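Two complexes, one shared chain (chain A), two partners (chain B, chain C).
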Partner chain A sequence: MTVVITPTMIGQVIISGLLAGALYAMVALGLGLIFGVMRVLNVAHGPLLMLGAYTTFWLFQLLGLNPYLSLLVSMPLLFLAGVVLQRVLVHRVVDAPELSSLLLMFGVSIALVNLAQLGFTSDVRSVEYLTGSFILGPFAFSKSRVIACAFALAITAGAFVLLKKTRLGKAIRAVSQSREVAQVCGINVQRIHLITFGAASALAAAGGTLVAVMVAIQPEMGQVYTFKSFLVIVLGGAGNYPGALLGGLLLGLIEQLSSLFITTQVNEAVAYVLLVLVLLLRPTGLLKGRS
Partner chain B sequence: MARWLPAGLLVLLVLLALYPMHGTGYGIRTMLQLFMWIALAQSWNLISGLTGYVSFGHVAFFGMGAYTAGILIGTLGWPWLLACLAGGVMAMVLALVIGWPCLRLKGPYFAIAMLGLNEVLRVIVSYYEGLTGGGNGLSLPTLHASVPIYYAMGLVALSVTALTYVIVTSRFGLRLMTIREDEVAAEAMGIDTFRYKLYAFLLSAVGPGIVGGLAARDQGYIEPTSVFPLITTITMIVMALFGGKGTIWGPVLGAVLLFTFQELVWARFIYLHQLLFGAIIITVVLLMPRGILGVLQQKYNLPRTI
Partner chain C sequence: MATNIWQPMLAAVLGLAVLAGSVPASAQAPIKIGASLSLTGTYAALGQNQHRGYQLCAKHVNEKGGVLGRKIEFVLYDDQSLPATGVRLYEKLITQDKVDAVLGPYSSAITEAVANVNDRYKMPMVAPMASTTSIFKKGRKYIFMVQSPAEVYLEGLLDVAAKQGLKTVAIVNEDTLFPKATVQGTIELAKKKGLQVVFVEAYPKGNTDFSALLTKMKAANPDVLGAATYFDDALAITRQMKELNVNPKMYGVTVGGDLPKFYEQLGRNAEYIYGATQWEPELPYPGSQQFAQAYKKEFPGADLSYHSAGGYAGCQILVEGVKRAGSLDGEKIREAILKMDYDTVYGGFKVDQDGFQVSHKMVMFQWQEGRKVIVWPAELAAGKTRFPTPPWNQR
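So, the complex of A and B:
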């Protein structure tokens, strides 16, 4: 049985890809920030996203709070968690070889998932809030995805403005370019590290809140987002923050197109092959990043 | 002490070889798992401890061996020993396919590339249902062979350790360690770094491949999530790190200590098991990144070949 692929289907797939991609970009921006500023690969990024999703779930479940409004809680909460994590653990491995920082973050990741299992059980939860789609001509836009995409784009834009236009953003970029020189210029590097980890965790939390409405919430939901975020920052170029946006949209498109032309199950394999190819052929990413 | 060490080891080996005659079924299977972890930690040590290239996807070779052996035994009716050896060969083939591109990557990028590997293999194995049984897994014909598998597993653990000894005391090992200390300098001295990294990578894949096959035979049932868990990679790394990476006996020591700890303590705290493991990882990384033997080596000026 062959499925005829019509232009409408391709259009639909591209739309879905871009909608998903904006969300990936926002989540990956957090991972990219930590990697750019501290050279630490934060494998606990996905579990932080999971905590964001649970925050939204509980606020919705217990207080009936609008899931999108819970961004105002989940982001500051996880910002704080990120700062604590950085202050207590991560700052000790910033200059260590990658084996140390990666393993440490794995330890954190395993512990967070287990804590979530203990605290929230492994039951699959969901936030029943927004279902159905907007219909526009031949295309359907899932409501929750459109709204998630809009929020993701807005938050990503906000992060870019912060990075580009404010003194704080300038300091973050300076530390990411050269820690020593930044220090000599009077920037408090430890403080920038704290803020970076906090901001990155807040971005993960925003991702968690936005996906909470769309996918099943359970303690192990975060791991896929860690891997996807790695893909995004490699595609976009590690240390190149606008590259994360491009990488995110690209990953969304690739996933959707490969599910259309091959099958949904091999998405990850296709994305992985692409990751290795990009690492080999353009190790600085599609936009020029830092080697 | 140096004179007593070989004699002590010999006695230990004889005792271990005689153990199945007196041991209970449970005891034999516990020891067999310990051998498995020694072989895994030691194999990881071969590439990552010696060259400094951190492989975060080593469980991929384990899973590859498990599925190769599973399919050969279950579908084609091969004898299990042969099928497990084939598992080792296929793991090497996988290492060649992955290592050829990925070993050119440096530092964190190699780690990222390896991190995705087990995830992808799990997806592929789930997808090709006709061959692998997909998500339903693969059942092997019943066979009570704990004792032969005990010896086979022990032999693999012993061989990988012996191989490490041979490598560390050879010029090949020196070249690998030069790469670890300074790859640019190694290249400047005329070492074909890529070739030696690839050799080390291939050698580090055989053990997990065979062990994966043996574990599949021992358990009699495999499924994608049970043979490709990231946690297996993390466990072997933590064992090697705890004992002392880059040393000969470190991974063995780490495997014995952590495995014993696991059997004695974790089994009693089923719900806290992962949390404790996370805490152990963090403690080892922060407090003793050089491992037990690494610290002893530094303090007492012990030889490199320990």
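So, the complex of A and C:
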């Protein structure tokens, strides 16, 4: 009953893993940004992604808008939602002990999921837009996943450029390194916090829009991405932004390869075992993060 | 405390009312039936259908004057598709809400968890949506099965496959109680029918990427794929099968594939897919078609599936049990239900001494031009199978 694993199969599975991983990386970058800049672990990151997915769903359902075009709506919309969230709630706990912010974000997370249940019902929805794959030799590239991966890489690259090259990006990194010194240098820290939370929410929204054409949309779809993002930033090194890309791709590969070589039942377990190992052996992440 | 004064007074008043014997039905407190359902979470789509079945049954029973001269009323909670929450809710229903009877939750996993609670309080529970045999074989005395067991869900698929001369079968399943039972039953049935099982693999609940699983399965090259699924995974597996061009000669799913939504979301990609179902409106059961019509009128636009009819039937069975027992005493209701041989909108109901279902029949359909055509068993079939399944781009 055992299946002989051929190189073609391994190739196919690596493709799937990398396609998934790029998306994980983009979503996790948002979580990493907020953690890096504010030391707040945003467990509501997944529910924000869920809101992005619903934005795409409704635009598709009601206006027939191309799901990929809806990135132009979901990202600004969630950017705004993130700014409001930061302005109204999160800024109160930035300096509080980490447990307070964690509790607050859990509250926000539960509230968002319940509001979605109230507003959208728990009906499972989906955006039936693109099925099938591109075939290249023996390999199949799922159309929806290839496009999602391309967008994710482009958006992630855009975010890196913004962080690395622009004044705003430098300010964000400065605040992330030391808030006091940044403040002394004339950076408006409150404003950077607002922008960071907004940008992170927009990244989650992009993730939501991109997965909307692949998986079932329902109010609780987001949680799993919170956990995956958490895994990704620990693997990559918390506070190390390029680390998120490495961590994301790695997680995608681990999930798919353990599914191929062991069994699908354990793919999550394998990822978490790896998390424990990384925490034990390289607590700052594979790329050096900030302790 | 205030309640300590009020409770005896209330009891006295009620006692007098009963003694007087002339109080009209409407003046008596309704019979409270408790249940928790998966109104949110993974099983939400299916749990909501079952919920509508319960609601419609209560409406119909009350229109006919209720039972024992009293109306019935549901005390209903959402267990969020979580077994642990279900346990807490049934505990609350029985001890705090003091319901008179309970009906089952959605899914085998949650029923298995809550069955210990109602058993401990000796409160009968008709469990319409639990199909795992083991739940009813643990010596529990107060739980009653309504539908066919998980083990026979894919019997139709295998039976048709064997008759078509197919040889090999692959089985994939969600790693939870009910799909696991389906897998065990399917392996047994495959042996009996002379089919060889070439691949079996489980995946965790909530899994969204089946690439590796399907890549492996494709390499095993089975003639038939049976997937013991719920809804989200049935959808995801089907999409990824198309993406990875996995195309066995027959492909069937267990739960989820029968929902109208399955076809709405997959469109032509759902064509030729087989599905197992406990019930379809056109089956010749007494009251079945009337139920479907009333349901569409009561809940316009809502999903109608076997879960709806099963919920309705579970409530019918409980009400009939109470009527035959002539009392709300748990022991008497239990004895009445054990003796019943009753036709519901959902098909026959009869259980053995363990509460295990022996009368209900499973059917298999195939999606053909957007319709579920019942193709098995022969005596209930409304059409022929379209065999074999063509390539994905020719559907």
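The rule we apply is simple: the second predicted complex is superposed on the first by the 291 of 291 C-alpha atoms of A that agree within 3 Å, B and C clash if a C-alpha of one lies under 4 Å from a C-alpha of the other, contacts with A are read in each partner's own complex, and residues count from 1 in each chain.
Just so it is clear, a residue touches a chain if its C-beta (ideal position, glycine included) is under 8 Å from a C-beta of that chain, and two chains touch if they have at least 3 such contacts.
Because the structure is a prediction, the values reported are computed rather than measured.
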(request) Judging by the criteria at the top, classify the pair chain B and chain C on chain A as clash or fit. (result) clash
(message) Let me test your reading of the model: by the given contact rule, A:12 touches which partner, first (chain B), second (chain C), both or neither?
(response) second
(request) For A:107, select first, second, both or neither according to whether it touches chain B, chain C, the two together, or no partner. (result) first
(request) Examine A:136 and indicate which partner it touches, taking first as chain B and second as chain C; both and neither are also allowed. (result) neither
(message) If we overlay the two complexes on their shared chain A, which of chain B and chain C does A:263 touch? Say first, second, both or neither.
(response) both
(request) Once the structures are superposed on A, label A:99 by its partner contacts, choosing first (chain B), second (chain C), both or neither. (result) first
(request) In the overlay, answer first, second, both or neither for which of chain B and chain C A:219 touches. (result) second
(message) Looking at A:118, would you say it contacts chain B, chain C, both, or neither? Reply first, second, both or neither.
(response) first
(message) Looking at A:230 after the superposition, I want to know if it touches chain B, chain C, both of them or none. Which is it: first, second, both, neither?
(response) first
(message) Counting clashing C-alpha atoms after the superposition, which of 20-28, 56-64 or 110-118 on chain C is the one that bumps into chain B?
(response) 110-118
(message) From the superposed pair, tell me which chain A residues show up as contacts to chain B and also as contacts to chain C.
(response) 117, 263, 265, 267-268
(request) Give every residue of chain A touching chain C within the complex, in rising order. (result) 1, 3-6, 9, 12-13, 16-17, 20, 117, 122-124, 126, 128, 131-133, 135, 140, 142-143, 145, 211, 214-216, 218-220, 224, 255-257, 259-260, 263-265, 267-268
(message) Please output the residues of chain B touching chain A within their complex, sorted ascending.
(response) 48, 52, 54, 56, 101-102, 104-105, 107-109, 111-113, 115-117, 119-120, 123-124, 126-127, 231, 234, 237-238, 241, 271-275, 277-282, 284-286, 289
(request) Over in the complex, which chain A residues touch chain B? Could you list them? (result) 35, 39, 41, 43, 89, 92-93, 96-100, 102-104, 106-115, 117-118, 227, 230-231, 234, 263, 265-269, 272, 275-276, 279-280, 283
(request) Under the touch definition given earlier, write down the residues of chain C that touch chain A in their complex. (result) 39-42, 44-45, 48, 175, 197-204, 206-213, 215-217, 219-220, 231-232, 235-236, 239-240, 242-245, 261, 265-267, 269, 392-393
